[in-house]
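Consider the two complexes below, in which subunit A is the common component and subunit B and subunit C are the respective partners.
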Partner chain A sequence: MDILLQQLVNSLSVASVTILIGIGITLIFGLAGIVNFAHGEFLMVGGMATWFMVGAGINFFLALVFAGLLVGALGYAAERCLFRFTLNRPMNGFIMSIGLSVILQHAVIRVFNEFQKSIADPVGQVWTIGGVDIIAMRAIVVAITAVIVAITYFGISRSRYGMALRASVSDRDTAELMGIPVRRYVTGVFIYGSLLAGIGGALMISLFPITPFTGSVIIIRGFAVSLIGGLGNVGGAVVGGLVLGLVDGLSAGYGYPEWTDAYSLVVMILILVLRPQGLLGGTLGPKAS
Partner chain B sequence: MPVTDNSAGKMGATTEGTRARERLALLTADNASVPLQASVQAITAILLAALLIALPWLGLGYRFLSIAITTIYTAIGLYGLGLQFGQAGIMSVGHAALMGVGAYTSAILSVQLGWGFWTTLPFAMAMSAIVGGIIGLPTLRVGGQHYIIITFCFCALFVIVLTNGGTFTGSATGLDVGSVTPLPGINFDKLSNNYYLVLAALFLALAATYLIGISRYGRTLRAIRENEQLARSVGINVDLHKLGVLMVSGLFAGLAGVLQLYYLRHISPSLFGAFPSLYLALMVMLGGARYLYGPLIGAIIVNFLPEVLNLDPVDSRIAYGVCLLLVILLLPGGVSAGIKNIYCAIAGGSEEQGGGSNGRA
Partner chain C sequence: MRQLGLGLAMAAAGLAMALQTARADEELPIGVIAAQSGSFVSAGNTIVGAANLAAQQINDAGGIKVGDKTYKIKLYIRDNRTDVNVSIAAARELVNDIGVKAIWGTETHDFSVSMAKITGPAKVLQFSGNSSLGAVLDDKAVADDGWLHYAFQSEPQEWQRSGSTAKGVLSLLTPQLKSPPKHSVVFVGNDATGQYLSSHYVKALEAEGQTVDLVQYPPDTTDFLPLLTRIKGMKPDIVHFWYNGDSTLTAFPQALKLGVAPSYFLFGVDPGIYQERSLKADVPVTLSCVPVCWGSSPFPEVKQYFDKYFGLGAAKGPQSSVSLLYYDYFFWYAKALEKVGKIDDPDAVVAELLKSDYKGVVSPVPLVFNKHHQVTFATEVCMVQPNTSDQFKCAVEQPPAAPPPGDNGG
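== the complex of A and B ==
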């Protein structure tokens, strides 16, 4: 029983990172209409930046903020220089994002190297609650994620910005006629999603070592999460992340660990085929022109 | 603007069938399907064939010929991808896995039953086609991006299955096969003979692509690409055609996979994973999927660029990425579209206007 609880706590912290990347993808794909395959690389860059800053003696939590800002700036640059030209041709944008992901991955290898990098546990405490040992950093990761999820959820579903954003997804032309600066919203969503990826990367490196190739692995999970939940649906991404995180955590502990990655892929293919709008319902993604 | 395009199309379809047909003819007549003069086409084809056939005699060395073989079997796989993307507008980022299905079918038949190259080839091609069709089933329900993600998942799943397949698939180390069964008088252990084998397959692929492009079947596919609803409304069985083109694309991939297997003599799961698949997508975009020589040009650029510029693998991958971004931003129809536009400009043709609409993918 203790082992089960511990597995659950561990899964929850892993799920947190997945949720962060899933929310980023669900917003960018579902609301801004950009399929950004380089999102996983954004996360990896965030992790690498954190590793570099912590190595240079900066406090982890400060580094986390900087990593978020850095990757947000990266997202801004990518949107302005690349994706804004392909808004009407999502397929071209998608292919371009593959190119971007290859560039980022190998640029990181060029700047650092291809080996895995890790940082020491920034908190370094273990809490024992009811006979279960919980590594404090893991609990903090879950807490930070919960705060971000709450902010994003209320931002999208309650604030007038979120409402304007959803309006521009469902009918872009009308939204523009109503005076909503749709283009600027697209840029804003892209930056916000990228920022979340940066924070996700920082949190991830506090849990496990990462390599320059981490991004291309995590991106599939990110798409899985956002599609399982329904594109553009923040709550859906949380549910999707929890489902995947639990499946992974439990299969690593009890099932066949070598098939861990396969489960999420199978779940995702099934959902895409059987319920393309996701479990909780969302947009069907950008409409091709 | 595209929105008005569609609605105009729909209105035409509902009011009058003939107008819809006319409109369809207009839509499919982009620059890519505007034929060049027959003489120009013939001269290009003959020059290219002569160059490719003469290649082993030019004394360029063993390494050059090896890269040429790699380029050509990759190009054969790309012709399948070019067909489904260029003609029918269905992009896949799991195409290397489809090549892998062919290669592994052939290797497993060879290891388990002791069959040779020629016997396994049809089975491998059929297997790739069937798997291609099965992965294609979801496209009938979901849109383009969802299908891309499904293909990517399939690719990742394929590698996991191969890696966990035990001795049957050779796990992470992979499988070995012997050399190509010699035909009377031709021993394929010699590199130049292997080159001619691969080249013959390339000519087959080129011929098939050309014939599909000019046939009624090709026109139907292009109609589906340009406006699926309109195509449906004039009585085209869209679902069947989509599945069909994915299976034909699978045939090409199977052929390419078997050629790759018998050239390398050893295959492992990493050859067919996400990265090779992404590079296939890159090459086909780079070359231009809608043009007969586009996939070949893409394969040549990507395979020979690091060699020509003398780049190490990391730098060459960065270079690929940058090339891809530049091509999509500046030349959405690929390098071959650029070449054709330049040719049209020089020849004084009025076909230049297609430049912008080419990249509508």
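== the complex of A and C ==
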């Protein structure tokens, strides 16, 4: 029983970082209409920046904020210099983002080196409750993710900005005629999604070491989460992350451990076959015009 | 006027001598194929680092005297971009266009085997540090007309490395535990290399009296908590993190937080990295390097080597020691060329390598190639004292004489 409870707690913590990257992707992919395969590298850059700042003596939580801002700025530069030219041709943007991901990996290798980077656990405590070990930093990651999810959810569903954004996704031309600066909103979403990737990277390096290639691994899960939940749907990304986390935790604990990734992807395929719009429904994603 | 003439004559003589010396120093083209980008870059850079250091040292010492000529090594380094097709293209270019006499590389078995299909027919020697080459280096393959006649495995066979490591781990951990360890869990990445290497290590542990469970994880796993929780439920005496140093460094701190086992073994984690990461455990932890640790070596030659290796700008990483799978063989190859007396007789060089030995840095025992072109040396295992990050006790257990029961040795 202790082991089962431990696996359920593990599932929640596995889900949290995935949810964070999934939200960034679902916003950029589903609302801004950009398929940014370099989003994982944005997360990696956030992690590397955190590693650098913590190594320079900056408090982890301050470094987390700076990492978010830095990657947000990187997102701004990428959107202005690259992706805005591909808004009408999403496939071009997709291919461009693959190139950008390789460039970012090797830029990081050039600036630092190819080796894994890690930081000391910023909290370093483990709480044992009823035979279940709860790692304090993981609990903090879950809490930060919950706060970000709440802010994003209400921002998208309740604020004027969010409503205008959703209107832009439904009918870009009409939204523009109504005076909504759609292009500026796309830029804003891209920056916000990138900022979340930066924060995700900072949180990730507080839990695990990262390498310049970490992003290319985690991006698959990020896309899976956003598709399972429904593109552009923040609540969907949370549900998608929890589903994958639960599948990961329980399959690693009770299935063939070497197939853990396969179980998650089979679940994703099944969901997309049975509910192509995702569990909670969402947008149709990028549209060529 | 007469003095001016004398001066001009001396200058001309000096120039002539310099030109003669330049002519005498001929170029020995050697290829290096290694990942300088892509996911194998940490291992690939160590091959390049070792090659640069060895070539520099040989050239600075006057080069290689072959017959009446002196050769300076000229390295042709190619990035395989962690791609087997690029490795093949690089091998073709080095062999056909540049005409290298030997190639060092590369990081992984299947790349090396693919390269050997180009180096073999061209009679170009190839030194590859892949223990898994044992699966293909057999009597037929290394025969005079075999496709691997010119290939040499510069890392010991896997059953030797596994046997040496298992003995070292158990000899260091047993005195630290309340009762002798009986149950081991080997935790390994589920890729081709992990499957091959762990199959030998499990047999080596069983030969030492351990009951062994094998738990494999998907490559590139970052969150190991669910898998480690499963292992904790198995109640092992030792968890052996096998094969991939980067994954081990990701999983081990998570295992410590969960209190998975009363002792651990971390393969491919150098004491230098353990210290740099400030890792600390309240239970005994053993570490091993591929093949000798840079962070805590009992051998002064190894320490001197790594001082020079890092002095050339190589980064300190979990795989830095992999460079020692490549370094010594430059000197051994140079010695063989000098003995043979010509650089264009690869068959004679192969024969000379097979009958000679070489006392290198990697092993206190002289290196010898067996009839399957495989080298043998021990693996260093270190134990870090509980609650410290920098107190190590190291042991070097010689490999077993024969594969353990159930291990076919391949």
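Keep this in mind: the second predicted complex is superposed on the first by the 283 of 289 C-alpha atoms of A that agree within 3 Å, B and C clash if a C-alpha of one lies under 4 Å from a C-alpha of the other, contacts with A are read in each partner's own complex, and residues count from 1 in each chain.
In this text, a residue touches a chain if its C-beta (ideal position, glycine included) is under 8 Å from a C-beta of that chain, and two chains touch if they have at least 3 such contacts.
Note that the structure is predicted; figures quoted are calculated from it, not measured.
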{"item": "Subunit B versus subunit C as contact partner of A:107, first or second or both or neither", "value": "first"}
{"item": "First, second, both or neither for A:120, with subunit B first and subunit C second", "value": "second"}
{"item": "Subunit B versus subunit C as contact partner of A:167, first or second or both or neither", "value": "neither"}
{"item": "First, second, both or neither for A:135, with subunit B first and subunit C second", "value": "second"}
{"item": "Contacts of A:11 with subunit B and subunit C, given as first, second, both or neither", "value": "second"}
{"item": "Which of subunit B and subunit C A:259 touches, first, second, both or neither", "value": "both"}
{"item": "Which of subunit B and subunit C A:214 touches, first, second, both or neither", "value": "second"}
{"item": "Touched partner set for A:69, first subunit B, second subunit C, both or neither", "value": "neither"}
{"item": "First (subunit B), second (subunit C), both or neither touched by A:246", "value": "neither"}
{"item": "Shared subunit A surface residues [contacts with subunit B and with subunit C]", "value": "106, 109, 258-259, 261-262"}
{"item": "Subunit A contact footprint on subunit B (complex, rising order)", "value": "2-3, 91, 93, 137-138, 141-146, 148-150, 152-154, 156-157, 160-161, 163-164, 274-275, 278, 281-282, 285, 314-315, 317-318, 320-325, 328-329, 332, 359-361"}
{"item": "Residues of subunit A defined as touching subunit B within the complex", "value": "29, 35, 82, 85-86, 88-92, 94-96, 98-103, 105-107, 109-110, 173, 216, 220, 223-224, 227, 258-259, 261-262, 265-266, 268-269, 272-273, 276, 284-289"}
{"item": "Interface residues, subunit A side, partner subunit C - complex", "value": "3, 6-7, 10-11, 13-14, 17, 106, 109, 113-116, 118, 120-121, 126, 133, 135, 204, 207-209, 211, 213-214, 217-218, 248-254, 257-262"}
{"item": "Touching residues (chain side subunit C, partner subunit A) in the complex", "value": "37, 39, 41-42, 45, 190, 215-218, 220-223, 225-227, 229-230, 232-233, 246, 249-250, 253-254, 257-259, 277-278, 315-318"}
